[in-house]
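What follows is a group of structures, each given as structure tokens.
In the two complexes below, chain A is the common chain; its partner is chain B in one and chain C in the other.
== the complex of A and B ==
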């Protein structure tokens, strides 16, 4: 089992040893755990009678939406409770010891020595002013630093140990964090959203590494994640949490093949799949129905036409000669890893940066100029929706006020009372109760805030909407609602929508056409169905192969392509596959 | 919306202003230091306003026959070398100190807040040049700058307010700029920029409401500095002109007679000290209650 690839070991373990789990002595044992915190003089329970057993060499996933208490449970394994909260019942035993009965000194020995944690954002966990090697040394253990770095598959470990954290990429930082976690040879790994915030390709390689280490070192792992794709790929058993209670606990295969609880079913059904050809509509019992996309009429007018756009950050070029058209009523997806230039392109269209070359044309004027220099009639026609709904609304203003401001500013509403009425109408248009207009953003849920963000963008009556990763920070079920809202709105209002995302399943569900960007260069573009059915560029194939489906048995959508090199010539850049599907020329490298 | 969406908190919806008022009230109740400090300041303000009611003596009328008396029932704090009632002069003395300090603090805060926010918002060369100019101003000792300005332009209240502004505005700018820099990258500011809103309107609508805490704490702290600076000026003879009742001036006038009538010097010192302590308590209490760490904000 130690030498098996993580995918096959997962399936092997869960079919072979499901029955034997009970008989193996578990190293982590959480029994009837309840946690509550005090707020305003009363106790608010956050975790309610959660039980959990993990045997050595096995991985148990804690799954749930935000606020389900999954991170709280995971942190108790390290004897950590958030400030102000306390255990109201049950016990946590790790390696035979009751964690909350340990003295401060024993607790320190437990952390790192017996249980190690790999947190979400490794870049923040590393000390910026300390060389990598010294930080790993500090984590303790007798394993030489170079061996550890080699073990986490980092190239040139001796040289890397002398570098500082900022000189590494996000994926490399996460690997260093893993090296620190396994330095003292712990018995249990707690993985708290270990790959959230990483690119699909990097995510895949980090997960493969964690899986391989787990098998090599025989570690028990507790994985906390909201991403069911990651869970299906990594876990042997899954515990689904909702509002601090266990909804369902089952071996991974059973859970994904035949979820029993309606909540689990709805949760699973809400996850967009790579083979969905439209947006899924999820029923109360968890049945899913894929709503077909509407054909964009062939004569739909072009809303934005970009030609050979180049954008520079100082002396480095972020976008190299990108061209595309977006038509009214059409969703064009920009896909790529971080650093591919997709957000830069979006911000430039919104007028927050000035392109250094090329043209961006709109009926109402030239989009190559920054927002302050655009005429008002053009500014209101191109609107931006942001990724992080927490940051995109002014926390000190009622949300109704946030929506009213652009109405007054763009002159779409002439009087105060008209603005107030229109704002309430817009809030209703994004399927929210207009009574929410008087609330502050902090009083709304994440999904509601994102809807308000959309309402604010609609206030100028735009014909182009730029959606920059708008569903990335949302829970899956909320994500499905927001996506459906966006789809409805573009139909109703004939919006040209530029949809930026790194999530290929979401893109397949909503986009009519796809542009794949890599390092600021378009490598492939075409109708969504054509690109997904026959990805022509090795990079597109690599992205698709790395995407994780919420199904442990799902075959990859595409085989990773061969090693390749760019072969585009100035007068012969594209291989045309017909119907607008074209692929940048490349050649295989042996 | 599907049933999966977690239900929103069914809290009643207080409007922004009411919420802010409730918050301010809660802050006061939770922080004893802030409450005590604000009460001390309020008492000083009341005394200054009600001075004519509290004492029957004229603070500037000389009376040679009553000079240099110790405390008695007639003159609770004694009299000074010109026979003026010390208590009356202390009660009236707050008027000058508080009036000029209030004007100077308001001017300083208004100017510093606007310029500090603008620097954070505009960035670029404007920010760079401004910061270097401020560094230059801050490198000169404040009392020296004050004396130069007052010597050149005279000692009217207007000049003193202006001089205080020159000394204190740079410090306020630095603190406010630091706080505003944390707000400027937020997406709601970006959204306003993409709408093409002007600097002033972004400042007023998006940035200022989110740094009110910092501005309030800074105002309380700056006020205590200003009170001290103005009293120092009076003590050195560049502030209030005799025979105006003023604390700094009183200490300067009576320090030669401190062995004969100690109360004539001590009373204004006590008044000044309690006011400054009150302002500092208010600043510290507010900053702790609102979670504003003055060290973190710089300056």
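== the complex of A and C ==
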């Protein structure tokens, strides 16, 4: 393996750079760690001779794509291994103690005192049947719960302590998880994808909080993340892992400025940037080239036209009077935080909900009706690709069959044999080997599954494709491929594409026009370039300011806007910036 | 939370009314004339007419239903056609005897199988799990009368620890019946335990693999605390309804086992009433089993509410 030599040389370099402190004062020291997982009677190595040093007060990031072993390494700092795994070599020392040589009693003391972990999904990491206060209290330490909740900047801490986890928002849950982690005043914090499930604005505030607490309490931190923006923002040093091996380790600035290993270069190049004006194409050596967007012809017909759409969940209104058009061959992005109503809108367009007001028109019929009441000819014209391909494909059905069924159902293939041929053709169209048709979803990678999801949606020969966060669950390099595929397909097939995403860099790369939603209201819309060049609404600016670039020195794309209040009147809603770029009226408040 | 409870109770009440109508209709639909059946084929037309009038069979069905329900609400289920005694008192007597078995069964089977299930879940794929799972599966697949017979063979015949049959009538005191309770209770418990063990095991395994249990472990908590505070409340939730269904099943399961042991309980009364066409008694027993089912499920729903804060705090705003 070629990565072996850079591993040894660069890890030597990184320890060398902090040699004055590392050798004597490292609080975390992982040396030659190897971990294997037992599966079906065979030992599968998942981590190979990984070494890592963390000095007090420093943050080291473990970066890699899924399956790189980064979470496995991080969990060993707490003496935790997944069921069926075992250490096959090396050692993990935290605060001078060999973690895997500790007795059960000592290990509990280590976990309760020296090292604490903040897990990826606080919504799943908090026990649903226990009050917040009790769970924090349990974590030990002498700091009163209310003080801890105040420290993580949660409002009305005394009242909040009596709540149950499900009564909190995602951001609040993550703050509670942080409070729990710092309760016992640990020396080392392990952060396993601490903000992955959160939207940009919440992510930024949680990261700022973690950073502030880390500095205030003088904590050493190990940050596990696949998000290079987060890493650039938080870490002092970065260790890049691939298939369980260290590929490169360097101080953050050096790594982002001059990555040495080709893999690191490719990884960095794959990340979409906020200033890309098209999709990036990444070469084997990590060189990137931005493919310019193709203009949508001015006379492209409108495929879907939504006017004043309102959608209610029971008595609460999720979408308030939203209007937009999507033309054939155009990508319209809906952008906003969770709860902004963007997915609700997409699902309604797909016919999974019924709007409570407004119109949604398509050539082939009325889209304001639920899918089961739409005629077959209309139903096949509007297709949805789901966020999570693992869960939206039937796990017991060969993927070729999954693609073949809608062909027969929608009547787009007239016979069995034709359907089988067309299914293989569709699989080839999404740039997969048709030989994969006989596989089950579990036998494919995440990116391959998502392509199958797209192929299935294409089987009805739609003219409208709704893509709901389709790349959120994918690794960056895979994300780049899937985005390029989507971009190609909409050109080839003149698809009108509604693209839902919270990732502004992705949106800038693929979308022709952008609609920014906040609490179910459109605050700004316009051509992508116009909106990114001159965001007019303070909320849009807030979103852009919160987005993190994979570059520690990148200036924010926009300064956060002033505090504001809505100033739209029924007959005077918009400030027009020309060329379809318009901003909902607002006024600054002191 | 109040509305949730109110809705559940209302639904339970509705179910009861509906089942009382069904019970009544089912009994009405039985073929043949009751008066002729009771008096025999050779009865004179006058005698039949007189009995029909006494039983109010000449009145329309809905009036008889109203009468019956009104009486039932006051504990008056009419008079037995066979013994001529008040049905309410007779059923209560047998029911009391069955309740002794049911209580003992519930007490030991439910707590025992819960504990075993949790243990199996915690020791997943190790020997305690294999032992518990296998034994409970065997118990589940053998019918209760076979279990009962085997128990009699072992503990009355081979090792005379418990009486094989009950020699007392329905008026026997609890003290007299108590020695005879254990074998029927054990037979029922063996059959019932398997479902609860399996459910408890599966949900303990699921919850132990959850991220919040991992988090609790990584907080440095002791295993005991992780299990009791973080695992069990969530793991018991799905088990609760299985327990409720099993407890309700006891009402029927008891019939077979009581006959094996000649135990003077509700099951025995039911069987003899069916043989004798003693309609008021059958009606009363059917209604009571419906009550048992409904009450058990209501209890499970309310228990789920106690364990699941999501149900309790519904409607509270963020």
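In this text, the second predicted complex is superposed on the first by the 566 of 590 C-alpha atoms of A that agree within 3 Å, B and C clash if a C-alpha of one lies under 4 Å from a C-alpha of the other, contacts with A are read in each partner's own complex, and residues count from 1 in each chain.
Following the convention adopted for this analysis, a residue touches a chain if its C-beta (ideal position, glycine included) is under 8 Å from a C-beta of that chain, and two chains touch if they have at least 3 such contacts.
Given the structure is predicted, the values throughout are model-derived calculations rather than measurements.
Chemist: Is A:443 contacted by the first partner chain B, the second partner chain C, both or neither?
Modeler: First partner only, chain B.
Chemist: Determine, under the contact definition given at the top, whether A:431 touches first (chain B), second (chain C), both, or neither.
Modeler: First partner only, chain B.
Chemist: A:456 contacts which: chain B (first), chain C (second), both, neither?
Modeler: After superposing on A, A:456 lies in contact with chain B but is clear of chain C.
Chemist: So in the superposed three-chain picture, is A:331 touching just chain B, just chain C, both, or none of them (first/second/both/neither)?
Modeler: In the superposition, A:331 touches no partner, neither chain B nor chain C.
Chemist: Tell me which partner touches more residues of chain A in the superposed arrangement, chain B or chain C.
Modeler: Touching more of chain A: B.
Chemist: By the touch definition at the top of the document, which applies to A:166: first (chain B), second (chain C), both, or neither?
Modeler: second
Chemist: Just to be sure I read the superposition right, which of the two partners does A:397 touch: chain B = first, chain C = second, or both, or neither?
Modeler: First partner only, chain B.
Chemist: For A:480, using the defined touch cut-off, is the partner it touches chain B, chain C, both, or neither? Pick first, second, both or neither.
Modeler: The answer is first: A:480 touches chain B but not chain C.
Chemist: Looking at A:270, would you say it contacts chain B, chain C, both, or neither? Reply first, second, both or neither.
Modeler: first
Chemist: After lining up the shared chain so the two structures overlap, which partner does A:388 touch, if you call chain B first and chain C second: first, second, both or neither?
Modeler: first
Chemist: What residues on chain A touch chain C, complex-wise?
Modeler: 78, 80, 83, 107-113, 116-117, 119-121, 124-130, 138-140, 164, 166-169, 177, 180, 184
Chemist: Provide the residue numbers of chain C that touch chain A in the complex, in ascending order.
Modeler: 209-222, 225, 229-230, 233-234, 307-310, 313, 316, 318
Chemist: Over in the complex, which chain A residues touch chain B? Could you list them?
Modeler: Touch residues, chain A against chain B: 65, 67, 243, 263, 266-267, 270, 282, 284, 350-352, 371-372, 374, 376, 379, 383-384, 386-388, 391-398, 401-402, 405-406, 409-410, 431, 435-436, 438-440, 443-445, 447-448, 456, 460, 477-478, 480-481.
Chemist: Using the touch rule from the top, collect the residues of chain B that touch chain A in their complex.
Modeler: 1-6, 8-9, 11, 13, 15-16, 19, 186-188, 190-197, 205-206, 209-210
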